[in-house]
Amino acid sequence: MASSTLGDTKIHELSKVSLKEPILVQGLPGLGYVGKVAVDFFIEKLKPKKIAELYSSYLLFPDGNLGINISEDGTYSLPKYEFYAYSEHEPHVIFLTGDAQPSVTGQYEVASMVLDYVQQYGGKMVFTMGGYGTRSSGDVGAVYAVVGESILGERLKKLGAKLAKGGAVTGAAGVILGIGLRRGLHCAGLLGATTGVYPDLEAARAVIQMLTGVSNMQLELKDLDREIEDMRKKMEKFRPSESEESKESEEKLSEEDKGRYIT
Amino acid sequence: MASSTLGDTKIHELSKVSLKEPILVQGLPGLGYVGKVAVDFFIEKLKPKKIAELYSSYLLFPDGNLGINISEDGTYSLPKYEFYAYSEHEPHVIFLTGDAQPSVTGQYEVASMVLDYVQQYGGKMVFTMGGYGTRSSGDVGAVYAVVGESILGERLKKLGAKLAKGGAVTGAAGVILGIGLRRGLHCAGLLGATTGVYPDLEAARAVIQMLTGVSNMQLELKDLDREIEDMRKKMEKFRPSESEESKESEEKLSEEDKGRYIT
Amino acid sequence: MASSTLGDTKIHELSKVSLKEPILVQGLPGLGYVGKVAVDFFIEKLKPKKIAELYSSYLLFPDGNLGINISEDGTYSLPKYEFYAYSEHEPHVIFLTGDAQPSVTGQYEVASMVLDYVQQYGGKMVFTMGGYGTRSSGDVGAVYAVVGESILGERLKKLGAKLAKGGAVTGAAGVILGIGLRRGLHCAGLLGATTGVYPDLEAARAVIQMLTGVSNMQLELKDLDREIEDMRKKMEKFRPSESEESKESEEKLSEEDKGRYIT
Amino acid sequence: MASSTLGDTKIHELSKVSLKEPILVQGLPGLGYVGKVAVDFFIEKLKPKKIAELYSSYLLFPDGNLGINISEDGTYSLPKYEFYAYSEHEPHVIFLTGDAQPSVTGQYEVASMVLDYVQQYGGKMVFTMGGYGTRSSGDVGAVYAVVGESILGERLKKLGAKLAKGGAVTGAAGVILGIGLRRGLHCAGLLGATTGVYPDLEAARAVIQMLTGVSNMQLELKDLDREIEDMRKKMEKFRPSESEESKESEEKLSEEDKGRYIT
C-alpha cells in the first residue's frame, strides 16, 4: 500500500448556487486581524450562504504546526477556508474567510485552487483585505491600496485610499493578487493602516467602508460600530484571552508546543 | 535511471486478521510520553497480535533528523509505527504505537494512510491519547477531552473527563482526529493533564482508565501501578538515561548531531 | 476538486524570435547586486527584446516569504525572471534578469527550465555574473572566474580574470553552471570582487568589461560610468531607501513580516 | 511550458561492469570525516574503476545551500556521489564516496536509488563507515558497530568491535542501513570513535582495519600510515585550510553565505 496524497488541498462543495460574475472578497488572519475582522463583518451583516470549505495540509497554525482547533464545547476542526455566496443584490460576492494561512510551500497551490473555484462562477474581480503596518497611530483609519491596473487605483484614490508606493505584500493576500493578475482578473488589495493591535477594529472599519464604496455593495453601515464590536467577540474564539478558563487552556497548549509534540 | 520515490510512506502488512469494526487507539511519543505509555500498557496487557508496520521518510527524530534507532544488542531499525490487532473480546481494537511522529510535511499523508488501513477493516471510531500541559501538579490525573461530536463529549463527561474549551491539539494526535472527522468517523482525543515530567505515569494511568471506560474494553486494571512501572522501563529504550553505558552512547550521538552529519 | 499544481514553475513566452546559438547571460539579485546591476546595464544599453517571463512558487523574497512587489504607482507583480533577446549583431544573446532567487528546493527545477528554454534556441554557452566576497577593498575591480572547461579559463585569464581556486558558488549563479556543464554546455561564472556594499558599481563595471571581452559583444563602454549610475537608480525599486515615502513603506512592511502574516 | 523535474535524483552510469554480489561500502562526509577518509583510502589503494555518478537536487552543502564546488584549477562541479567497482579479487566491492550528504527530505530517495543500483549487480551486503562521537580521546581507535542481524554483530565483536547499545545513527550512514535492512540485505555500520577532530585519521585507520577484516578484502595495510596521510591532503580540497590562497577563498565565500545569495 503506497501513498498518493501529495499536494493535499481539497475544496469540499456544500451546495451549488447560481452566481453572476461574483467578486471574490478575501480576509484571512494576519496583521491586526484586519482582513478577517472585515470579512467576518460582511458575512455577519449580509448573511451569505456557506457554499464550500477548503482543507489543505498546507494550512498551518501561526507557529508552523499542524493540528486541530478546539471550540468552546470541546468539539474541534481542522484549519480551513470557508466560502460564502451573496446573491441577493448585485454585485454578487463570494466571501472567503478562514482560520489559518497556507505555508510558503502551499501558497501558490491554495491560491490557485481558490481562483479556479471562483472563476467557475465567472468571477472576474478579486479584493483582498488586510493590515498595513504603521508606527504612527495617527495613520490608523487610512487605507493603502495596491492594484493590478492603474484605472482601479484611480477609482480607489477618489474614494480616499492612498496608493502604496513600494515594498511588498507577503502571504495569502499578496499571492492571490499576484496570481489573479496573471490570469487577467481585476485585482486590488485594501490594506488598513494598523499599529498591529489585536484585533484592530479601527483599521477594519476603514477597510470595510472602502470596499463597500468601490464594489457598490448595498450595505447599511450605520450600526458599524456595534457590529464590529460583535465581531471582536467572535474573533476571540481564534485567540482566546478573555475568560480565565480558555486563557488557561491556551497557555497550556503553548507549553506543549515547546516540547514539539502536543499529543 | 530517474527517481520515483516521492511521498515514501508504506504500510507493510505482516498478517491478515478478521476484525469487526475495530476501534483505532493511537498513542505516540509526545508531551510526557502520556500517549505512548498508555498504548504500550494496553499492548502489554492485552497481548494483541502485531499485524503491520508503517515506514515513512516523514518519520523524523525529535531533532528533525532522519536515521536509525539502536537497540541494546547493537541491532537497529528505522523509526516506525506498529499496528496491533485485538479480537479476543468485543470491541475489537487496533492499537497504533510508534517511536516517532511525522514531520509537518508528512502529517496528512501518514494520518490518511493510517485511516485507510483501519477503514479497510471497517473501523468507525478513533481515539488518540496524549498529554495536556498544565502548570499545576494538582491537575494531574484529570483527563481533558476533545470530541468530533457532542454526544461523545457527554459520555466522556459522565465518566469524569473535562471538555477542553479552546486552544489547539497539534501533531499526529490532532491531525488524525481532524481527518477522521472529515471522513465521518467517531473521534475523540483523551489528553491526560501533565506537567511534562517524563514519563508521566500518573497522567497515563488516568487516560488508560478513561479509555477503558468509554470503549467498554474488558480489561483488569488492578495491577495497573505495577504494570505502568514495567512500561516505564521499556520506554527508556527510546530515551536511555539510567545505565551509564547507554547514557554515554546517547551523549556521544548528541554531540554528533551538532556537526549535522552523524555518519 | 483535487489539486494538481505541484512544481509550479512556468515560462510565459511573450514572442517568438529567431536566434542563432544565443549565449545565456544571467544576472540575479545577490551579493552586492553585482550580477543584477551588470545584466540590467546590458539590457539598458543594447535594448534587447523582452521575449519571456518565468514565474514560480519557488521565487521567494530574501526573507523566505512569498508575495508581490509593489511599484511606485501602486501596481504590483509576482517575483519573476525576465528573458530578453538580442539579435542585432552576433553573438546573439539571451539576457536573464529577475527580482528574486529560487528557494533551495526550487533551484534545480528553475535552472533546468531556464536551460530548456535557452537550448530550444540552440544555446550552447552560459555566463553567470555575480559577486565574489572579499574583505579587501583593494581587490574590488578584480574578476574571479569559475569555468566548466580549462580552455575557457585560459581565455579569461588572458583577459585579466583570476581563476577561483577553491570554495563554492552557491545559489542560482552556481546551480545553473553546474547543470549546464552536466548538459555539455560551455559555462563560466564571472564573479566581481566586492566588499558587499550595495549596489557595488565598481564590481559590476569589472564584470561587464570582462563579459564584453570574452563574448565579443559589440558594445560601446565609454559611457559606462554614467549608465551604471542610471542602473543604480533603477535598482532602488527593489530595495527602496532614498525617498522618505518609500522608505517608510518598507519599514512598515518589515514590521508586518515579524508577525508572519502581512495581509 | 510546465515543469516536470520534481524528485531530481539521477544516477549517470559511466560504464557497465561484471560484478558478483558486490559489497556496498559507503563513506560520506560527516563527523571527523571518518567515513570519507576511509572510503577514499580504499579507492586510492585498490584503484577500482569509476562506474557511475549520482546527482541530486537534495545533495546540499553542509550549510544547507545548493551550488557548485570549485577545484584548484578554477573548474567546478555539482555535489555528487561517485561509485567505484572493484572486481580484481573476491569479494567484489562497490565503493561509494561523495562530497555531500542529502537533505532530510532527500535521504530516503537517495538511499533507495543507491540500493537499487547496487542490487542490480546482485549486491546483498552493505557497510557504512562513519564517526562515533566520544569525549575521551582514549577511546579513539575503538570501532562501534550497529548491525542488522545479531550474527554479524558476533563476527564484528570477535574482530574487536564494540556493539553500540542505544542512541541513533542519523544521516546517510543510518538511513541506508535502515532501508537496506528492510530490503533483506546484510547490513552493518562501522563507526570509529572520534573526538570530532578534522580529519580524524586514527578513527579512519581503525575503521579501515575493521572493514578489511570483516569483509575478507585482500588489502595490504602495512603502508596505512603513509597512505592515510596522503588521503588527508586530498581531503583538504573539500575544506581548504592549509594554503593561504585557498583559505582566503573559503573565507570570502563564507561571508557571501551570510547574505544568503552568493552569486
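To keep things simple, chains are lettered A, B, C and D as they appear, and every chain counts its residues starting from 1.
Following the convention adopted for this analysis, a residue touches a chain if its C-beta (ideal position, glycine included) is under 8 Å from a C-beta of that chain, and two chains touch if they have at least 3 such contacts.
The structure displayed is predicted, hence computed values, not measured ones.
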item	value
Chain D against chain B, contact positions shared by both copies (same if over half, else different)	different
Rotation in the CA alignment of chain B with chain C, degrees, nearest 5	180
Centroid spacing, where centroids are CA-atom means, of chain B and chain C in whole angstrom	50
Rounded Å distance, chain A centre to chain B centre (Cα mean)	35
Per-residue overlap in chain D, given as positions that touch at least 2 other chains	6, 8, 105
Category of the chain touch graph - line, ring, star, complete, other	ring
All pairs of touching chains, each written as two labels joined by a dash	A-B, A-C, B-D, C-D
In the complex with chain D, residue positions of chain B that touch it	1-6, 8, 55, 57, 60-61, 63-78, 103, 105, 237, 240, 245-246, 249-257, 259-263
Residue ranges of chain A in contact with chain C within the complex	6-11, 13, 27-31, 34-35, 62, 101, 104-105, 107-109, 112-113, 116-117, 128-135, 145-150, 153, 163-175, 177-179, 181-182, 189, 196
